[in-house]
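Each of the next two complexes has chain A plus one more chain, namely chain B in the first and chain C in the second.
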Partner chain A sequence: MLITQIGNYSLILGLFLSIFFIFYLILILYGFIKIKLNNIYSILFIQLFSVLISFFSLIYSFVISNFTNETVYNNSHTTKPLFYKISGTWGNHEGSLLLWLLVLTLFIFLFFIDSKKQPKIYRLYTLVFQQIIILGFFLFVLFTSNPFSYIFPVPLEGLGLNPILQDPALAIHPPILYLGYVGSSIIFSASLSALVSKHINNFWAQHIKKWIFISWIFLTLGIMLGSIWAYYELGWGGFWFWDPVENVSLMPWFCLTALLHSILVLEKRSELKSWTIILSITTFSLSMSGTFLVRSGILNSVHTFANDPGRGVFILTFLFILILISILIFFFFQTEENVRENKIYWLSRETSILVNNWFMIFFLAVVFIGTTYPIFLEVLTSEKISVGPPFYNKLLIPFLIPFLIFMAIGPNLKWIKNDFKKVNFYKFFVFIFLCFITFIFAEKFKIKNLFTIILIISSLYLLISSIGDLIFKRKNISQNISHFGFSILILSIVLNGILSKEFSGNMKIGEEVKFYNEIIKFKKVETFNRENYKSVIATFEIENNKKKLILLKPELRIYNQPNIITSEADIKSSFYEDKFLVFSVLKKNNIFNVRYQVKPFMIWIWVSTLLIIFGGFVRLIKIK
Partner chain B sequence: MKKNFFYFILISLIIFVFVLLYTAVFKSKSYIPATTINKKIKEFSAKDLFTDNEIEIKDLIHDKKITIINIWSSWCAPCRNEHIYLMKLSQDSKINLIGLNYKDDRSKAEVFIQELGNPFFKILEDPDGIISIDMGAYGVPETYIIDDKLNIIRKFIGELTFSNYEEIIDIINK
Partner chain C sequence: MVGKKVKLRIIFLSIFLITIILSLILILKSLENEIVYFISPTEIKNLSELDKNKIRVGGMVKEGSIKAYENNISFVITDFKNEITVSFTGAIPNLFAEGKGVVAEGILRDRNYLVSKKILAKHDENYIPPEVKEALEKK
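Here is the complex of A and B:
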């Protein structure tokens, strides 16, 4: 069909523009051609426009169920609701790469408009580096995963979108995450370019800070949406599983968060230049490694796309070329000034930010080892191991405690030098008071683990101190909000972890089971026919000791295209706790497997993450 | 000097990681969950597609032949593609090929067999998919090679390819 042709050729146009553009920019940089900004704007715009046409023609193919297109055939079906037809565009490997390209070209266009006040050479170098990345992606899309492949003979019906992907949170999770990833590519190109054009200073820091915040906000939001999806749709009864693919999105987040803090030192004090550049390079490399691990099929998880070694090899080679280029540039253009050792006073804001960076790098290292070690081990010894939550809990939790305390103290220190005598010691009494309260609380709820108690104390300490700053100082509202959000996040995760209760067992219709101070009653099962699936809905009643009834209606969905059963947990959220119930068919004779969980403070995990993001957002607005 | 040495170490480390990951890409190409191999499949009984008689799987196992269970459906496109290999396999006298018709309509299944030929010794019905799920199937098609004690020897997820076909012949002739 014509629409497929249009999409395909406009992609090829974009590829040639990219090649031409790189040569054009190099000729300008070496002084062979005079610089004409208008031309650059036009090329950038045409490139963006060509990708946009491609993207919309793919969406259109999905909407009209154009099965001459292989991507549409593999991932869509005529009976699918329109919303999921559209979101199916980026729910698959080919389409999601097209989305990557779209965001890449969009961001570089915006970047170029936004960086008008910066030196010309710096802007041009950024364009060169970013175009190299864009070129890589064009080649990747066109040669290994073209979304516009023909299929003949034309099938009458498509294979359908995997039903677990048919969820609103998941429809926006990938695009948001990509905005974060691609934002990190801008930071990467900009810092390499700043290095080459010797433009690493506080003026640059001020300008790139905006992009760091943008990608950080999207990355955080993307990770949160993925987690919400896992909790509501996968029905595993948790929000974070230390699944390799989740870790892969968390690693650039740690790095980006470190960068977010160290860029402030560069902005205010012109220090930590090399370190900031290293962090920028690492953030993007980690984002790319994430893409590699997910797309190559090395990892087996819910995120696995089609296993094709050709794709894996392409991204791997591309990733390592980028890393090698950046290392070479880093060492060739490193100036004495960048690495000059500056004296940072031990009690100052700079030190506290450095401490934050050390912790972030430690967290990053733990997650990195936990994720990649099993892969390396399998290649070297053919032994399969899996690294699960105990590993992360043991290594991360003890270090969270000092981290939280530093988070409370650090922001109140002054830049350059803080007089030791001026440290606010009244907070120390707050700390002792909190210890006292927490121990009473622990006694009541029979929490025996000392680490847990100390963790609660330190997050409460951070909570009180950031509220205090928010109310009395109002110097740095955005940071206070984010730190406050983080303390609630840790607090709710910890309390959720230790106070959760679970019932799991087989039940017949009409049966009742006593569970702590509640009674679970299995009332009935009904079957309905829906648009593209058959739905089996069970009704449960939960009665607590005050005779209050709560109705829970978990569902099994039997999809026809493709033929998959998914279970939809029913979750009743309240201010204080979530009640979570999921069931599955066991055998023909009316016995069902039922899992019922009471999860306290679940909603606070999302609210606190939103608060953290909101803090970043407030800062972003202030920059502009 | 010190700086050069540092480059050298860093770059060799990167190359090492590259080679490692490169190998990993090719290694994990066909992933079979290790847990399902050498596991026994659950005994089951199901209705015969043509005669409607209830048949025990145990009665279909032959001690001189190797049993292959193929889970298929008339609505599944890859099943159509792999059918030629099943037809070829059915000509081998050492193979006892059993079809398990997954969540299908009986009349459509019959049309499918009439159209493409019947490679199966027996076709059992699995109208609600429970037998297949108990066997550990993710979807259709899937092919299981089992021994006379119902142990899974090999499992193929998805459409059988020519190389899968050759592999099956190798297993049979061992």
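Here is the complex of A and C:
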């Protein structure tokens, strides 16, 4: 069909533009051609436009269920609701890469408009590096995963989108995560070009900070959406499983968060230049290797989707080349830190940010080793292992305690040098007071683990101290909001972890089970026919000791194409706790497998993450 | 004589190195204790001694082997060579069915019996865990 042709050829046009553009820019940089900004704007715009056309033609193919297109055939179905036809465009490998490309070209266009005040050479070099990445993605899309390949004979019906992906949170989760990933590519190119054009200074830091915040906001939001989806769709009742696919999105986040802090030092004090560059290179490499690991099928994950090893090899080669280039540039264009002028004192804001970075890198190392160790072990000894949550809990929790305390103290220190005498001692009394309260609390709820108690104390300390700063100082509102959000996040995760209760077992219709001070009653099961699935809805009544009734109606969806059953948990959220119920069928008899969970402070995990993001957003607006 | 500045740098560098080495040792040590090995029913039969730690067993759920009791279910994992009976308590993923691939995590009671509290769910109905695929190809 014509629409597939249009999509395909505009992609090829984009590829050639990219090659031409790299040569054009190099000729300008070596002084063979005079620079004409208008030309650059129009090339960037045409490239963006061509990718946009090809993206919309793919969406259009999905909407009209054009099964001559292989991607549409593999991932769509005529009975699918329109919303999921459209989100199906990026729910698959080919389409998601096209989305990567679209965001890449969009961001470079915006970057060029935004960087008007920066030196010309720096802007041009950034374009060169970014175009190399874009070229790589064009080649990758066109040669290993073309979304516009034909299928013949034309099938009458598509294979359908995996029902587990037919979900609003998951429809927007990939694009948002990609905005974060692609944002890190801009930071990467900009850092390399700043190295080459010797432009690493506070002026540059001020300008790149905006992009760091943008990608950080999107990355955090993307991770959160994925986590929310896992919570209510996968039916396990957890929000983070330390699964390799999840870890892969968390690793660039640690790095980006470290970068977010160290760029402030570069902006205010012109220090940590090389370190900032290393962080931006690492963030992007981690984002890329994330895509590689997820798509290559190397990871042994519960989230595994169908995949193709050939693609993995391409991304790995591409990644290798990019890292090699960046390391070479890093060594040959090394900037000199002006150590002599600026001395770093032990008690200063710089040092505290450095401490933050050390912790972030440690967390990163833990997650990195936990994720990649099984892969290496399998290659070397062909032993198959997996690393579970206990590993992460054991290594991360003890280090969270000093981390939280530094988070409370650090922001109150002054730049350059803080006088020890000026450290606020009244906060010390707050700390002791908190210890006292927490021990009473722990006694009441019978919390025995000392680590947990100390963790609660330190996150409460951060909470109080950031509220205090927010009210009394009002100097750095965005940072206070984010740190405040982080303290609530840790607090609610810890309380959620230790106070959660779970019942799981097999039940028949009409049966009753006693669970702590509640009674779970299995009332009935009804069946309905929906647009593209059959829905089985069960009704449960939860009666607590005050005779108060709560109705929970979990659902099973039996999809016809592809033939998959998914569970939709029913969750009653409240200020204090979530009640989570999910059920599944056991063979074809009348016994149902039921899982009921009471999860305290669940909603606060999402609220606090939103607060953290909001803090970043406030800062972004304040950057002019 | 070593100057004051050089001395400071040496101290800083050694602290830096010690921290890195310590954290690596810490990470690798805990890794040793927290890994879960993946084995097939045939490998269990050939074990010289029973592992007291958690393991993962992968294979296919044998046709007609799922039995539901009041609080648990039992089923048989097979790699078409050897079999192992699994007793399972907990929530069952939707893609768990007879004749499909499965990975169960638990503790071995003897060479024929695994007590499990976790079955791993996969997103894709045609999905076979890589380990199972390999075990199947080997046969």
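A few points about this structure:
We adopt the following convention: the second predicted complex is superposed on the first by the 612 of 624 C-alpha atoms of A that agree within 3 Å, B and C clash if a C-alpha of one lies under 4 Å from a C-alpha of the other, contacts with A are read in each partner's own complex, and residues count from 1 in each chain.
Assume contacts are C-beta pairs under 8 Å (C-beta built on N, C-alpha and C of every residue); 3 or more make two chains touch, one makes a residue touch a chain.
All figures in this text were calculated on a predicted structure; none of them were measured in a lab.
Partners chain B and chain C, once the complexes are superposed on chain A, run into each other and clash.
With both structures placed on the common chain, the touch criterion links A:159 to chain B but leaves chain C unconnected.
Look at A:595: by the touch rule set out above, it reaches chain C but stays clear of chain B. In the superposition on chain A, A:42 makes contact with neither chain B nor chain C.
With both structures placed on the common chain, the touch criterion links A:375 to chain B but leaves chain C unconnected.
Counting the residues of chain A that each partner touches, chain B and chain C differ, and the larger count belongs to C. Residue contacts after overlaying the shared chain place A:544 against neither chain B nor chain C.
Applying the stated contact rule after C-alpha superposition, one finds that A:312 touches chain B and leaves chain C untouched.
Contact with chain C, but none with chain B, is seen for A:566 once the two complexes are overlaid on the shared chain. Once chain A of one complex is fitted onto chain A of the other, the partner contacts of A:388 are limited to chain C, with no touch recorded for chain B. Shared-chain residue A:324: touches chain B; no touch with chain C. Chain C is struck by only one stretch of chain B after the chain A overlay, and of the options 9-17, 27-35 or 117-125 that stretch is 27-35. Chain A residues 297, 300, 384, 562-565, 587 lie at the interface with chain B in one structure and with chain C in the other. Interface residues of chain A, counted against chain B in their complex, comprise 155, 159, 292, 296-298, 300, 307, 309, 312-313, 316, 320, 323-324, 327, 331, 375-376, 378-380, 384, 562-565, 585, 587-588.
By the touch rule above, chain C contacts chain A in their complex via residues 19, 23-24, 26-28, 30-31, 34-39, 54, 56, 66, 68-73, 89-95, 98, 120-127, 129-131.
Across the complex, chain A is touched by residues 3, 7, 10-11, 14, 18, 20-29, 31, 34, 73, 75-77, 102-103, 128-130, 133, 139-140 of chain B. By the touch criterion stated above, chain A contacts chain C in their complex at residues 162, 164, 234-236, 297, 300, 302-306, 358, 362, 365-366, 369-370, 373-374, 383-388, 390-391, 394-395, 504-506, 556, 562-567, 582, 584, 586-587, 589, 591, 593, 595.
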